[in-house]
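Below you'll find a set of structures to go through.
In what comes next, subunit A is part of two complexes: it sits with subunit B in the first one and with subunit C in the second one.
Showing the complex of A and B:
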C-alpha cells in the first residue's frame, strides 16, 4: 500500500486497493462464503410433526362433538380445558413446522449416502480420465499450432479451434447427441453401409456408455487444454529442438526431455482447467446420458437444490466437490513438481 | 576424435524463387579450422545448416569424409552444430546438457556422467556440473555448448557465430580458447562469422561469402594482402577506394586516371583499356612524404587517435583519403599541406564490382 501510494499518489492508490478488495469480495469471499455458510446448518423438522398436528385436530373435532352433547357443567369445563391445551400444542407444532430451528454443524457433510459417495468417487475418476484423454488429444494439436508460423498458424487456429468454439456449448453437446444417438449420424451411416438395421433396433447404443460423455466433454473443453499449452510451447526456443536432434536424439526423446519439460506449466494449467470443468460439468452428462447412463456428481448437486429442495445438503455436496478437487490439484502439482510460480509464468 | 574433410560439390540452395546459395564448390580439409566470413544475409548460415543436415541442398552434393550425405538427417551425420544462441537446455543441469548426446545414444547414466565430467574438464569447467546453465556466465555457457557438442565425438564441429553474444574482452579471450580446443581435439571446425577479426585471428583458411557466392577462399594473410575481388578488398580491413578510367595497361600494371591524378597500380582481374576501374589502397600502405611511385598532394582535414596508430583523413581533389600512421611525437605537429605517396604494389586495380560497404 505504501509503495502503491508512492507510485500512483494517494487517490489513485486507494482506487486500486478498493478495486482489489472488491474483486476478492465479489469473486471469492461472498459466493464461496454464502455456499459454505449454507452447507453448515440444517433445520430439524421432525418428520411426524404434521401427523401429530392432524391427530390433534381430530381430537379437537371429537371433543367438540362430545361438548355439544354433554350437559354436565363440570365435564364441559374439563373439555374446554383440554381444547385449550390441544390448540396450544397445535400452535407450537405449527410454529415449529413453518420455521424449524436452525442447527449448525458438519452433519450435512457426513450424511452422504453410500451410493452418492460412490458417484462422487466415480465422478472424480471420470474427470481424471477426461483430462488424460484430452491431454493425449491436445498435445499434438498444441504442438503443431505452436510451431506453425505466419498465415498457416492463423488458419489452423481459426479453422480447428476458434470456429467450433464460436458455437454455443449446448449446441455443441446436442450436436454430439445427434451424432451418437440410436438413430444418429453414425448409426445412420452404419445402416446405409448395410451393417445394421435400425428398424429392427440393431443400433449401437453409444449413449448408454460413459465414453459418450467423455467424447462430448473432451470436445467441449479441448480449447481450455490447448491454449495454455500453445502459450508455453510458443516460448520454446526452436533451436533447442534442433540442437537435440543434432545431438542424435529421437523424436520421442526430444519430446520427453526437451519439449514436455518446457511445456509443463502449460500442461498443468490445461489439466487443472479441464479437470475442474469436467468434474463440475452439469450440462454435458445431463444431456448426453438423458438419465440413461450413470449420474455425475454435479447432477446430484442439482437434484439436491431443485428436486429434494435441500439447499443445505446441496451446498455441502458442492463444497465437498470443490475441496476434493482443489486438494487433488495441489497434490498433482506437487507430484509433477509444478509450482504456482511456474504456472503464473 | 578424428576430423573428416568436408566437400561441397556444386551445392546450391533455393528457397522458392530466391537463391540463398549459388552453385558452390568448396573443399575443407580434415582437422582444419575453416571460417566462412560474410555480412548478414550472405547465405553463410544456410550453407552451415546444409552441412549439418537441417537443409537439403536444392542441387549438388555434400560429402563428409568422402561419404555422400544426401538423405541423412542432422542426427545421422558426423557433425555437431553450436547454435548462435547456444540452445543449451535450461531445465537440465550442465552435466546433463553435456551428456545429452550420449543419453540419446543409449549410454548408461554412470558412464555418460563420467564422460561429461571429462569433457567439462577439457573446457575448464569441472565442478560446474550440477549448476543450471542460467547460473553460468556467458563465457562459461559458451564452453558448456562446446563440451556438449564434443561429447558426441563429431568429426566436424560447426559453429554458427557462437561468440556474437559476448562482450568484446570475453570474445577476444574465447577466440584463443576456441583455437586451443580445436588444436587439442584435432577435429575439423567450420566457423561462421560476420566479424573479420574473429575469422582472421582463428582460422587456417577463410572463405569470404557475399550474396550466396564464395568470393575468395584463402588463408588470412593472402586474404588481407591479395583480395581477389572488390568485395573482399573492402570487406576485409579498410580501403581507400577511387574510381577512374584505365588510361594504359601493361602486363600486370595499369595506369588509372582518378580525380586525384594518374595512379599506377597492380592489375587484379579482367580490366580493359578505356574502361572504368576501381583503385584501392590500404590506409597503412600510404606514407607521409614523397618516395613511392604514386604521389598525391593533400590537405589534412582531421586526425583520429586510435591508440597505437593514428588515422589521418586527408582531402585531395574532393576525395577523402585515409592514412594510418604509427602514433608518435611527429604526428602531433603535422603541417596542413601533406604529400602522400605509395608504391605500385600498394595500389590494386579491379574491374567495377560490388563493394562491401554501400
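Showing the complex of A and C:
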C-alpha cells in the first residue's frame, strides 16, 4: 500500500484503493456471501398451524357460549381469562404462519430430491464428457493453427475460428435448433429423399433426445478449448520439434514429450473454461428443450428462483454447482501443475 | 514458409481435418443466415419459397426487440462505466503489491472469470434484494461488471507490465505533482488499453446471456428477448438478427486482422 501512495500520492492512492475495495466487496465477496447465507436457512412452515388455529377459534366460540349462560362471576372471570390466553395463542400462531421463523442448517442441501440429485450428477458427467471430447477434437486444430502452417494460413484460420467464436452463443444454439427441429434441416432433407412425410407429422424428434443438448453444447463451447491451446503452443520454439525429429523421435513421441508438455497450461485453461461453461450453461438446455425439459441442472436452479420462488433451495443448488466447479479448477491446477497466474492470461 | 515436420500424407489428413472442422463451425451459421431470406414464415432452408427481405422490415417494426437493443446498449455502457475504473484500480494496486498479498488479491479479483455465469447472476440478485433493488437493468449491470471488470484488469495488467516506471519517477523528481504525473504520463500510456478494454467490455456485456437472465428480472435485453422468443415457436425475424450479428462480426474480425497486420508492417 505504501508503494502505491509513493507512486501516485496519498489522495489518488486512496481513490484507487477505494474503488478496488468497493469492487471486491460490492461485486464479488458480499454477493457471494449473501448467496451462501441464503442457502443455509429456510422458513419452517408448520403444516398443522392452520389446523391448530381453527381448533382455537372453535374453543373460543364454545367458551363464549358458556360465558353467555354463566351467572357465577368467579366462573365468568375464569372464562374471560382463558379467552385472553387463547386469543394470544392464535395471534402468535398466525404471525408464524404469515412469517415463519428462520432456521439455519444444511437441510437445503440434504433435501435435494433423488431426481434432482440424479440430474446434478448427470450434468456434471455430461460437462466432463463435453470437456473431454472438445479436448480431443481441438488438439489437432490448435496444433495446426499454432505450429503446422505458414503465417498466411494461420491468419486465415484464426479469422475462421474467431468469427464463430464471437457470434452470440444464443445464435449458435439457435442454428442447431433449426437443424434438429421437427421441421428442421435434417428432417427436411429426409423428406426430400422420400423417407418421411412432414405434412403427416412423420418427423424424427431429435429435440426430444437429451443428446440434442449435448450436441449443441459441444458446438457452442468447443472454441473455448482451442484458443488457450493456440496461445500456449504459439510460444513453442519450432526448433525443438525439429531437434526431436532429427534425433529420431517418432511423431507420437514428439507430441507426447515435446508439444503436449509445453501446451499444459493451455490445456488446463481450456478444460477449465469448457467445463465451467458447460456445467453452468443455461442458454443451451433452455433453448434446445424450449424451456420444457429439465435435463440440465442450471434449469432446476432457474426454476427454484423464478417458478417455485424458493430462493433458499435455489441458492443451495447454485452453491453445490459452484463447489463442483471450484473443485474441478483446483484438480486441473494440481494435475497440470499450473498456477492461477498461468490460467488468467 | 511452412515447417515441414509432417510427411505429405500426414499433412493431407490434417488439412482435411481442419477443413471439416471449419465446415462444422460455419455450416450451421450459414443455414441460419440463409433462412432469414426465405419467404416461408417458418425459419427453414429446405422449404424454399423465394427470396424476400420482409423479415428485415418485420424486425424494424418489432418494438420489443428494438427496446431490447436499447436496453442492451444501456447495460453495456453501465458495465463500461463500472468495470473500467474497477479493472484499472485493481491492476494499479496489483503491480505495486508484494508477492504474497498480491497473489491473494489476484485470486479474488480473477475468480469471477472462472465462476459459472449463472452464479454471478444469482448472487447479485440476492445481494441487491437486501437493499430493496429487484432484478432489472441495474442488477444486470452489477452482475456483469463483476466478471467483466476482471477481464479489463487482465488487459491493464498486461499493459502495465511493459511500463517504464522511471518516466513517472523522473517527472516526480522534476517537481510534478502526483496528480499531474498520473494525468500526463500514466493515463496516456494506458489510454489504448482503456479503449480496448471498453470495446471488450461492451461486447462481453452485449452478448451475455447466462448471467443476465438471472439478474434481469422483468426487464429484458436484446439477448434475453431472443431467448424467450425461441421458447415459443421460431420466427425468421430471429434469423435476421442472426444475419446482422454474423455480418457485423465478419466485418469486425477482418478489420481487426487487417489493422493488426498493417500495424506490424
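By definition in this document, the second predicted complex is superposed on the first by the 234 of 345 C-alpha atoms of A that agree within 3 Å, B and C clash if a C-alpha of one lies under 4 Å from a C-alpha of the other, contacts with A are read in each partner's own complex, and residues count from 1 in each chain.
Simple rule for what comes next: a contact is a pair of C-beta atoms (placed from the backbone, for glycine too) under 8 Å apart; a residue touches a chain by one contact, two chains touch by 3 or more.
These numbers come from a predicted model, not from an experiment.
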Touching partner for A:261 - first (subunit B), second (subunit C), both, neither: first
Touched partner set for A:237, first subunit B, second subunit C, both or neither: first
Which of subunit B and subunit C A:253 touches, first, second, both or neither: first
Subunit B versus subunit C as contact partner of A:174, first or second or both or neither: second
First (subunit B), second (subunit C), both or neither touched by A:245: both
Touching partner for A:272 - first (subunit B), second (subunit C), both, neither: second
Broader residue contact with subunit A after superposition on the shared chain, subunit B or subunit C: C
Subunit A positions touched by subunit B in one structure and by subunit C in the second: 242, 245
Subunit A to subunit B touching residues, read off their complex: 237, 239-240, 242-250, 253, 257-258, 261-262
Partner subunit C, residues of subunit A touching it in the complex: 3-4, 7-9, 11-12, 15-17, 19-20, 22-24, 26-32, 34-35, 38, 137, 140-141, 143-144, 147-153, 155, 157-164, 166-172, 174-179, 181, 183-185, 188-189, 191-192, 219, 223, 238, 241-242, 245, 251, 254, 272, 276-277, 279-283, 286-287, 290-291, 298, 301-302, 305, 311, 314-315, 318, 321-322, 325, 329, 340-341, 343-345
Contact footprint of subunit A on subunit B as seen in their complex: 52-54, 73-75, 79-81, 83-85, 87, 89, 91-92, 100-101, 103-105, 148-149, 151-152
Complex interface listing, subunit C residues touching subunit A: 1-3, 5-6, 10-11, 14-15, 17-18, 21-22, 24-26, 28-29, 31-32, 35, 42-47, 82, 85-86, 89-90, 92-93, 96-97, 103, 105-120, 122-127, 130, 142, 145-146, 149-150, 154, 165, 168, 177-179, 181-182, 186, 203, 207, 209-210, 213-214, 223, 226-227, 230-232, 234, 238, 241-242, 245-246, 249-250, 252-254, 256-257, 261
